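Letters are used for the chains, namely A, B and C, taken in the order the chains are written, and counting of residues starts over at 1 for each.
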Amino acid sequence: MLEMELFSDVIKLISDIRHSKLHNSYDIAIHTEELVERLISEGKWKSAQDLMSLIKLRIARFISALPQEATPVNIMRHILKIIRDEYDTGFKSKGEGHQSLHHLVTANINDSEDYSKLLPTLKSSLLNNLAEYKVELESSMDNIATQALEHIHANEIILTVGKSNTVEKFLKYAAKSRKFQVIVVEAAPRFHGHLMASNLAKSNIQTTIIPDSAVFAMMSRVNKVIIGTHTVLANGGLRTECGVHMVALAAKRYSIPIMVLAHMYKLSPMHLCSSEQDAFNICASPADVLPYSSGPLLNKVHVYNPAFDYVPPELVTLFISHQGGNAPSYVYRLLSELYHPDDQEL
Amino acid sequence: MSQKLDKNVTQKEVVQAVVVAEHFGNEFVPITDDTPLSLLPLLNVPLIEYTLEFLSLGGIEETFLFCCSNVDVIKQHINKSIEKSAGWSLTMKVHVIISESCRSFGDCLRDLDAKAFIRSDFVLLEPEIVGNIKLLPIIKKHNEVCKSDKGAAMTLLLQETGLGQRGRCSFEELLMVSTPSNRVLLHQKLGTSKKAKIELPLEILMDNSSVNIYHNLKDTHIAICSPSVLPLFSDNFDFQTKDDFVRGLLMNEEILGSTIYWHLIKGNQYGAAITNWRMYQSVSRDILHRWLYPLVPDMGISSQQRSYIHLQNNIYRSKDVHLTQSNSLVEDVIIGASSSVGDKTKIIRSIIGESVKIGENVIIEDSFIFSSTVVHNNSVIKQSVIGQKCALETGCIVTKASVIGKSVVLPENSLIENSLIQSYPPKSGVTSEKLAKNAYRICHEETADSADEEDGLHRKLSRLYMHEESESSDDESIKSSDSEDNLSYTISPVPDDTNLFLTEVIDSLTRGFEDKLQCDNLILEINSSRYAYNVTVKEVNFNVIKAILTLPFQLYLGQPYLSSLRPLLEYFSPILKNYIRNVSAMVDCLQAIEVCRYFFYFLSCSILGDGLDYWITMGGWSEVHAHIGHLFEPFVLHP
Amino acid sequence: MLNETDIKSYFLNILNEENDVSAGVAAIRTLMKIIKYHDSGTIQGLLEDLKLGMEIMKNTNYPSAAITSGCGLFRRFITLAIKDTYTFAECQNVMLDRGNLFLNKLNASRNKIKKLACQFIVDGSRILTHSRSRVVLHALKEAAEQNRYFEVFVTKSAPDDSGERMYNDLRELKIPCTLIMDAAIGYIMESVDFVMVGAEAVVESGGIVNKIGSYTMALSAKAMNKPFYVLTESVKFSRLFPLNQSDLPDEYKYLPTARSGDLSKEDPLVDYTPPSYITLLFTDLGILTPSAVSDELIKLYL
């Protein structure tokens, strides 16, 4: 009973995600942001430290239930940073800042910050900040789409994999003023590419669908590869839909640039430790690969249907976010701007 | 006007489900002596959690759980789950209904009818269902069917399975005949009858323009029911199980005026009921293979906590398991929290519970070990179930579908095969054998009466797998009748290559003779056919001669054989010269002739002379040729 | 006021008695001692003393790379401390206080590194390491204490066979390990999962200076697509930017006794591994990519 009262909001969020009421990352992001806003405006907290510990408990609960969903955790982490920044500007103190050599060398004993002093204007300034953040989240997809004209030129052939709402918007925006072709890889076994291709075709973009096996054959004709992603890892690598690593290797072979459209809330401070890392990948039902009616074959084989793929940072050329383009080697800098180092190990 | 009102009223109703959580049988003795079947751990999570989580994910908002025995334990468990905010408790309300006097499934439904909780279409589950089906669209479809057919009582949910598959319990083999609109005409469970024939009433075929006959379906024991089902149960006291109900309804269609429909669950949806140990084993295996996604152990069934790490070969390991070697867990294993496994131990296709201590040099295969059990060194456990808090001393061997109940202590070096063991002396009326202070073997007599034979068969079929090999031998015998089943997965029988070759040669020679083609070209054709069908030299010679000898029947009709054969032999003599060049070829030729068994004279025995000698010396005469042997005498060149 | 022999004996004492302390930290402690006993009363005098101290320490037979980077960092620290104070005595106190804080943070750095590195050592890992690194040893010890089973391959690492000492230490911790020849690196690379080494210095480009043989190991790892991880404390960050092997200062590569002779015939003690061969650096500042290292150094010295 106690736990349910304490965490009822995050438990509801977890349950909504499990019941597939929230599908894409954008919806999840907006819901998480609203959850924290409610927590700030209605929750029982006095100092910044209280509020931060409430949020940290929710992060821990979420990670223990759904570790693959990085979006809500990233948003909560970013809000922790906003709280810290607000507190620091409120007291006009230096704050801990980054963990850096500089700080090591110049640290003062009196510098220990534990955010426990009461700041009366904290709530209102936080709510203001969060309202701005919400606007930023809502306009993120449009901001990325407006950069389309810089990257897509006339008569180019673009390759994309599966379905991504961000990529769809990006391509549709460019199609308003440029003429180009799109090749969509169908992305078995879920075949989201079919839906993507039909959506693009409705906007009068010349679209071709190819099976996964034809990627290498078609790659030499492609000018650019533009994909979305599920998560961006701390080393600049990606966790995306299954099958994208293959496409990236083919593109590398022909020296074709790969552009990844990633919202800021997809940047996660996690590293890939090993290929069998717990909670990096999840295997869905084998029914997509081999139906249950296959008879005695099922007794003799193991069937794996992994949902995600890891793409190493060497294969990615550019990350496009609402602030512009960045190289994969710059991701560490973006992370240090988004999240406080103490929150990165949660 | 009233119809619209009705629609508005039904739309405000919550979606309800009824789970009869009571199992009226004794398949799971002695495990079920202590725990109710609903709380039997399936992959270390009580069964009822799977059922409730399935209903909640499927979209149900209110569930009635019917219990007849061990009610307190079940109620306590449900309350604890609600406190821990289990996944299903957030979207679904669970009411536990107690009825101590019910003795069967039918009784429970009659009781429910009396209590009048159900207001509209509801989902009816027999005990111990696991699944991941999205129920709301199916309920909607049932609603539409009900609107068009006022008497529609129930929609059965069935899943396609192939023959020979584990998940298909032979006890539950189902034959169904239905119309194209999915109305059930015949529903028969074949498992218990030993007859090899099935009788289809003629009316089924006469009354309908087209019927579909299905043998590849598995009953998921889930059904969508109209509110009329409960009164039907109340009216007919001989409906004890759901199968009785279905059978009764189909037999008395005109009288009762109700019909039954069925629905195929498609895609990655899965549903199964655990009715006996075999289904328990196959459902465990299916969940380990992730057929039940998103209800998989590593995502936590209802606890929404990750308790296991999913590794290659479908190994699920809890985070604090202590292993001393990396290859102890081979494949399809789940091992619960705080367990430890010793050196040189191998665990294959088994379920290990929490806090289980396994010693060194132990082999565990195809088995289930529940929580807090200790298995000492050098033991072997195969195809068995070990209950909670047991202790198996060193050197125990437990095999062949044995079931060991709670708190049993097996002494050292005991050999248990095909037995049920419990820790306390059984009630009077059941014979038992005492093995040790805490181990009593329950004996069940194998009588020869036909009445018990069905029981015995039932028991045999419901046991855990004995050997995988014996199952595959079953496969072999069923395979011949199975070809129409696996529609898209049958390969048509590969035709005999040599027969094809023979027909091709005959075709070539026929054409050659009719069109007067050159023999060289014909030789070329025959050679290419030979490589195409990968035919050996012996067979080439054999078949060419056979072809030539059967040609007269292709070409001429009415003419005596010899006169038609002569010009053929003359025409094809280059071919003969090409193929019959040495002694072994001559032997082939003679074998072909023997096969053809025609009486004729060899005209050019210069070709055949040596071969004939060889043949005679080899003693290759058959009886028939014993007769004609003398005819060849003049042709045999005596040395 | 300490004289030469005192400084030298203090420094050597620390290294001989406390096995676990790296040369860099020992150097900093020695410099702190110098500050404490300094009595000239001027900052210029103090700086002269510190410079002298650094020269003395570099002339011992301990790895010069670590000493140089530790001293470099401490000198920067002094420079920054001087700005805030007015009298010498005040300055001295501030320096001592901050110095102790600095030392405490450095001592805690090994713990942070081993936690970060531990999550990469999963069950069934096969790890290759080079020579003896205290940080790597700590990380492997932590993983073993968490009941993970993994296997370690250590190179013997001529000319001082320090790999053999590492092997003995691992044996004592009951970690399954194998001692291999330096020449067998290429052979063993295909069967290991990743390479984990320490570093004597981390240069500004993001590359490392480590015991001779590390560059070969990195090249081999890159060829076989195995991750190459470096475990190092942030005190080892140095302001060098070598472009190739000969760019490394001689004092890093050769012992002081050898520096007097003909260097072309001498075997170097260390080599430089460029950043393109390094996958990740585990430091007390977090897990960094090689490109992040230069950022950190720039922020410090700006």
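By definition in this document, contacts are C-beta pairs under 8 Å (C-beta built on N, C-alpha and C of every residue); 3 or more make two chains touch, one makes a residue touch a chain.
Bear in mind that the values here come from a model prediction, so they are computed numbers and not experimental data.
Undergrad: Based on C-beta pairs in contact, work out which chain pair has the most and send it over.
TA: Chain pair with the maximum contact count: A-B.
Undergrad: Which chain's mean C-alpha position is the greatest distance from chain B's?
TA: The most remote chain is C.
Undergrad: Using CA atom averages as chain centres, what separation in Å is found between chain B and chain C?
TA: 63
Undergrad: Cα centroid separation between chain A and chain C, in whole Å?
TA: Here chain A and chain C have centroids separated by 36 Å.
Undergrad: Approximately how many whole Å separate the CA-defined centres of chain A and chain B?
TA: 43
Undergrad: Give me the residues of chain B that touch two or more other chains.
TA: Where chain B is concerned, no single residue meets two or more other chains.
Undergrad: Note the residues in chain A that touch 2 or more other chains, in rising order.
TA: 276
Undergrad: Can you name the residues of chain C that touch chain A in the complex?
TA: Going by the criterion above, the answer is residues 73, 76-77, 80, 97-98, 101-102, 105, 119-120, 122, 125, 193, 234, 237, 279-280, 285-289, 291-292, 295-297, 299-300.
Undergrad: Residues of chain B touching chain C in their complex?
TA: For chain B paired with chain C, touching residues are 322-326.
Undergrad: So in the complex, the part of chain B that touches chain A is made up of which residues?
TA: 56-57, 83-85, 87, 90-91, 132, 159-167, 216, 267-270, 289-294, 298-300, 304-306, 309-314, 331, 468, 472, 475, 486, 489
Undergrad: So in the complex, the part of chain A that touches chain C is made up of which residues?
TA: The touching residues are 98-102, 104-109, 234-236, 271, 273-274, 276-277, 329-330, 332-333, 341, 344.
Undergrad: In the complex, go through chain A and note every residue touching chain B.
TA: Where chain A meets chain B, its residues are 1, 3-4, 7, 11-12, 14-15, 18-19, 64-65, 67, 276, 278-279, 282-288, 291-299, 302-303, 305.
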